[in-house]
């Protein structure tokens, strides 16, 4: 599922700037692997809220993460700043698979990249639901031509 | 790479008890997906330190995460307690692939499971190194008969 | 507001066991100061849910933190386990001040101690409300004789 | 020790921009109290590294937090962005007391403010040491005229 090579910025469609925090660094002096997944879900949530109308406090249909993965290629360390790029690989009836690339400072290639799968569910019953239309439209803008 | 089905406790060889924390719960009232990866690397570090003699403050050879992944099957929420089971899938010259299962309270099947790959490197040069012998021996105890 | 000296276990009334996690350690090899506050609010939430009937998903009246503080006396490091002790200093109409001590492994004196103030509010309006009776009763059990 | 009132931006001398992350929000839909302390120590570390020459990977003399405190005045929630302002209240031989204010988006008054005390120690012995001269000079620039 993972790309063999680091990815360029042109492989992504929407971007978020995510500065690192002091406590992201672990005992080895690098951003701990766990925090990369926070960059992933922050970038995705930014996009869904800004472009898809998701309201995490009130929306009846919300996204649950059902699978994620990251390949770590090059260390990042506070006070580096991360630019997270996202694209959409596949849109299903009630699910979407994102691919995310993390760029350190001005780097042109990903320091880490991976994927993240959302299933949309009704908040109360937690049963899967079709993607709300504004979200589907927003996600279609993240499909890459080659896909 | 992921199992199709939840895994039983008998599929793992070493276990750590990892209570959840209040702030692990996110706005949807479940443990956020990011924290699962902290359960993964805590369980692995516990084992390497306890059984393999890893000293994160001083060892010349340390493990860097190069890839990880999780499939989320069932929600967990504070104040649930997690039991993390680990096993080893493959041991290479300088790398090891772990598989981890997370069990909610007394559940017999995983709420989430995934994998995590360590490459061992020299702390200063960050160049890959063969697994230190005490670590290799400890990891061999986590291989499953079926493997 | 802080005690001059480390506190003994006998200075607290209810206890939670809180193992550290790998990523709690920061670049200096100690549990980062930020995480101590997670031990504080986890210990308090445990108690309110277990003894006071707080249901964070549904209760109409919930607690917001309005002030907290910690004095750090001695370093703690993963894989240490923390025992958090709590007591109540003062109960008001809609607020409560807790004091918390964190004990490293089997230590008899606090490695860190501090306080935490909750104001109880109606979930929707976020206006302050009197402490719900079951919570008030549970908190009274945490008052120390000397107080 | 805490100000009675929210503080204005003019009460601080150096600023860092710190976007919130999805997982900062807790079950009540606000940034959890714990994360505010990460804003505190990130803002301070930024300044010490940028202006005082602190190198967390190598410096012989490093800062340990011995006390911190925060008063929470108004909720903040992802995707708000925080501007952290810092000033210095007191410089001792081997310690410094910072005061920090957190501003939500374009707000003119603090949503939260507090203090943080560093003691500088020799990395290996963990014995207190005089403030390194470049750090002392950088910190003097954060003293407020009124002090």
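Read from first to last, the chains carry the letters A, B, C and D; within each, the first residue is number 1.
FYI, a contact is a pair of C-beta atoms (placed from the backbone, for glycine too) under 8 Å apart; a residue touches a chain by one contact, two chains touch by 3 or more.
Bear in mind the structure is a predicted one, so any value in this text is a computation, not a measurement.
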Contact-richer chain pair (by C-beta pairs counted) among B-D and A-B: A-B
Separation of mean Cα positions, subunit B and subunit A [Å, integer]: 23
Mean-CA-position distance for subunit C and subunit B (Å): 29
Intercentroid distance (Cα basis), subunit D paired with subunit B, Å: 34
Multi-chain contact sites of subunit B, meaning residues that touch two or more partners: 22-23, 25, 27, 29, 32, 34-35, 38, 41, 56-57
Pairwise touch network: line, ring, star, complete, or other: complete
Footprint of subunit C on subunit B - complex, ascending: 17-19, 21-23, 25, 29, 38-39, 41-42, 44-46, 49-50, 56-57, 78-79
Residues on subunit C engaged by subunit A in the complex (per definition of touch): 22-23, 25-27, 29, 32, 34-35
Contact footprint of subunit C on subunit D as seen in their complex: 2, 27-28, 30, 32-35, 37-38, 41, 56-57, 62, 64-73, 75, 123, 126
